[in-house]
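For reference, chains read A, B, C and D in written order, and residue numbers begin at 1 within each chain.
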Amino acid sequence: MAEIDNKDLIEYLLRLGDSTLVLGQRLSEWCGHAPAIEEDIALTNTALDLIGQARQLLSYAGELEGSGRDEDALAFLRDELEFHNLTLTELDGGDFGRTVLRVLLFAAYQVVLWQALQRSTDARLAAIAEKSLKESRYHLRYGADWVVRLGDGTEESHRRMQAALEYLWSFTAELFDRDEVEARLAGVVPASDSLRSAWEGIVLPVLAEATLPVPIAAGCLSRGKYGIHSEALGPLLAQMQFLQRAYPGGNW
Amino acid sequence: MAEIDNKDLIEYLLRLGDSTLVLGQRLSEWCGHAPAIEEDIALTNTALDLIGQARQLLSYAGELEGSGRDEDALAFLRDELEFHNLTLTELDGGDFGRTVLRVLLFAAYQVVLWQALQRSTDARLAAIAEKSLKESRYHLRYGADWVVRLGDGTEESHRRMQAALEYLWSFTAELFDRDEVEARLAGVVPASDSLRSAWEGIVLPVLAEATLPVPIAAGCLSRGKYGIHSEALGPLLAQMQFLQRAYPGGNW
Amino acid sequence: DAPCAGFDEKLAADIKIEPSDPMPDAYRKTLIRQISQHAHSEIVGMLPEGNWITRAPTLKRKAILLAKVQDEGGHGLYLYAAAETLGVSRDTMVAALLDGSAKYSSIFNYPTLSWADIGVIGWLVDGAAITNQVPLCRCSYGPYARAMVRVCKEESFHQRQGYDLLVAMMKGSPAQRAMVQEAVDRWWWPVLMMFGPHDQDSVHNGTSMKWGIKRFSNDDLRQKFVDATVPQAEVLGVTLPDPDLKWNAERGHYDFGAIDWEEFWQVVKGNGPCNRERMAARIKAHEDGAWVREAARVHAEKKIARPTH
Amino acid sequence: DAPCAGFDEKLAADIKIEPSDPMPDAYRKTLIRQISQHAHSEIVGMLPEGNWITRAPTLKRKAILLAKVQDEGGHGLYLYAAAETLGVSRDTMVAALLDGSAKYSSIFNYPTLSWADIGVIGWLVDGAAITNQVPLCRCSYGPYARAMVRVCKEESFHQRQGYDLLVAMMKGSPAQRAMVQEAVDRWWWPVLMMFGPHDQDSVHNGTSMKWGIKRFSNDDLRQKFVDATVPQAEVLGVTLPDPDLKWNAERGHYDFGAIDWEEFWQVVKGNGPCNRERMAARIKAHEDGAWVREAARVHAEKKIARPTH
């Protein structure tokens, strides 16, 4: 096996770490505003798991980089164009329906990804995957359960879920797009396009049970993981990074 | 007449300047989202006038301070507790009804204030007041016109306006509260409590024409102009200040 | 009186009253009022802290705060469950919160204006809550007492985390230390008000004491809290904003200044800095969630109606 | 044909067609389509720039941007008014925008991701718009031509302000210069697409030319824009992201690389990066404003019904 370039692995870790961080941030906006206390707790818990995953992934990226940036330097002192999260994770939350649908779509992606990464030749990444898989499976069950209830609930809930699916679906192609970074990491990480069928194997039956027809994919590919985002990320980062930006070098 | 202390005048200028800046910022959030293009233009124009007033007031405060802080250093590099705007100006915009009602309440305050400040012994402040008065009169007409139309419109619009009034009214007492800073500036600036009857002379007839009964004032006094804010200001500043915080010393 | 057979005897013997035991109507009502008010406080209390989750300055602090707020939701759940054992539904209690007829702790009607507020809420607000709540672990009503054991354990943990946050900031820049001091200045007096009116002005003290629901008076608890907190403030390096605060060797307690009860009653009456925002946030969450709850109900009915495969 | 008496003669003599003049139905329809599309573009175009008003880095730049976006609203108004002279109401035009049957300039389906985008929109997007629009000041339809005179004047001002913003950033830190370059990289190709398909693939060119609505072909205008812009990029110190871009002495023009028309058609079809967000924002503004417009209408009726005092 050829030596891999740390730069590639760092880039890959940022894609994963930024995605979990940004979705964790979005979910934490729900705190105190969910339709029931149980959902408040569940969404907060999901956010907590994702932030935890982000900490491990970003810490590892920082260590590989070796220039002294820790998880917080990476989370709070990079600007939008340096973030490599999936566009799906940064979009405005929308209503509770769109929120749980995104949990389903992303958790299913994480489950198939972690399963593959458990077998990574990179022991640290394999360990993170193993630990995270259990969490993502739980998020998946939560998301799937609500998507079915809301898709196959009332007329209004069905309409809302269908609209959410039309909106979010076009951002799912990005999950399975692969570039040269991944190609060079062959063996260490799975090829993103190889994950699609397993992901569909999880997601499509849930959508079917939810009586939600799958939309036709859009022609344009979102490119958040390559650093080109939607307009939703900038305002999110402005809030998230405020204290570190306003009080540089502070002790927290 | 006793010498006035520049520190007092600076504090007073920040109260005015921060109020116009923060309300200008709130109004600019409407850009592209108003009920009709005419209102998009009018709200943007009001925001523009208020930002213009803020620039003059903050520049003057910075000059008096004499430590090299210009309008931008004051606007973008102070944190929440150093802002001295009226709480009324920072509250979340709410719907279009609450927005135009706030324009009315604040513009009426500005009109009576500018009228008094035109006679200030401080020539610079008098000149700012004279120039701003025309703008605030225009904002007042705009706000009053819409408050009447919406208060005396449909059942729904009346209900929304009454709710907006109940909410905003409790923050108006702060406009007329006076402290020692003002007392020490006697002659240079009017006593805030002396402005109330002129303000009521403008606002109450508009509310009457709008068929909106005036609520009973709340017992607690908001204290934004003394640096104690609502939870609405922090997120506003995080957005507003992001670039200056993230790229210190940049050239814009 | 027959319907409450054994009630007084159990109280006297310090045996817990359980849901199926006979109990006086007034006892039941007092407990429902108090437990539901406590549950509402946990839920409304998520809002001022939730305000800073998206702005937490490090990922570790963000995780700690998320976990804390999640615990508060959990406390709300156990407490609603404890109240439900007294024959009132959660829906009824929530409706009373939303229509303004039920109260929640007034402390949550104050805003969180800086990150230091998150630390101060942990240290002082949770500290005061624990002082109030530890005696409730021995409350005469079993389900409430048991819920409080769990709540108090978690609250102590939160309090230490809050204090730790402040210690970190005090080791930081002058601006950070100033932020901590400013937060302490704003919260100190409202926190002292959390113990309620002075004993002579308190309505519910007498019967609650008799029934073993309350075990110490408001003023005793407030004094206990002040005595515990002053040394912590010294270690932290902050000044408590009370010129009258000083050790009284004779009493063996700290003396402290007069509380502004006018402010207290204004906040209780709904005129605090954030009463409207807090209620508006809860009402909006409830209304925005109506379609979700309705869909869940209809889906559950469909599931029952369908033949299982 | 009698109903259009004098129309061809006026075109030939370069005399403006006015609203009350006879004109062919197809001419009217083409103008309505083009002018309303132009008006919609001004309104939708407020969104990507509006995205940065609250984050403008100085008060001066915030004021400039507010004034610019306000001007765009104004342009929308004149253009809707010009289209109304052709017998179509603004409500009808807006409804066509909201139901997706009317188009607006595809460039506004790209997101603004950094502050440099605001400068690049002024320099390149407004620059391309002006190149397209200056010839329209001599358009055969009077009201449209006159509206365009005013629009072009203001757009030139905006273009200079955008360029000035970029000049300032290029004098700043390396991070700021990188931000400008990155923005130019993202916008360059979409801007070249603003001139529409190549002449041989363009549907409307022929008749619009004949009627004096369009005076230059898409490819001619695109070339004109490239020729004017390359020297400006050199002065600014940015690289245009096209390895094939170079001066062709023989042609007396810059050659440039092949445009990705697949992307162009995807964006036109609604699959651009922000098509959904833009439409959702306009629809939300319209729906959220319904109660306001209704109240204004009802209030006006009440005023008429009431005796004047």
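FYI, a residue touches a chain if its C-beta (ideal position, glycine included) is under 8 Å from a C-beta of that chain, and two chains touch if they have at least 3 such contacts.
Predicted model, so just to flag it, every value in this text is computed and none were measured.
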Between A-C and A-D, the pair joined by more C-beta contacts: A-C
Separation of chain B from chain C, taking each centre as the mean of its C-alpha atoms, in whole Å: 36
Rounded Å distance between chain A and chain B, as computed from the means of their C-alpha atoms: 41
Residues of chain C touching at least two other chains: 55
Where chain A touches two or more other chains, by residue: 79, 234-235, 238-239, 242
Topology of the chain contact graph, where touching chains are joined (line, ring, star, complete, other): other
Pairwise chain contacts under the document criterion: A-B, A-C, A-D, B-C, B-D
In the complex, chain D residues that touch chain B: 43, 46-47, 50, 53-63, 66-67, 69-70, 73-74, 76-77, 80, 115, 165, 168-169, 171-173, 175-176, 281, 284-286, 288-296, 298-300, 302
Chain A residues within the chain D interface of the complex: 79-81, 167, 170, 218-220, 222, 228-231, 233-235, 238
Residue ranges of chain C in contact with chain B within the complex: 48, 51, 55, 111-114, 179, 182, 186, 263, 266-267, 269, 271-274, 276-277
Residues of chain B defined as touching chain A within the complex: 79, 234-235, 237-239, 241-242, 245-246, 248
Of all residues in chain A, those that touch chain C in their complex: 21, 25, 28-29, 31-41, 44-45, 47-48, 51-52, 54-55, 58, 71-72, 75-76, 95-97, 148-150, 152-154, 156-157, 160, 239-240, 242-244, 247, 249-252
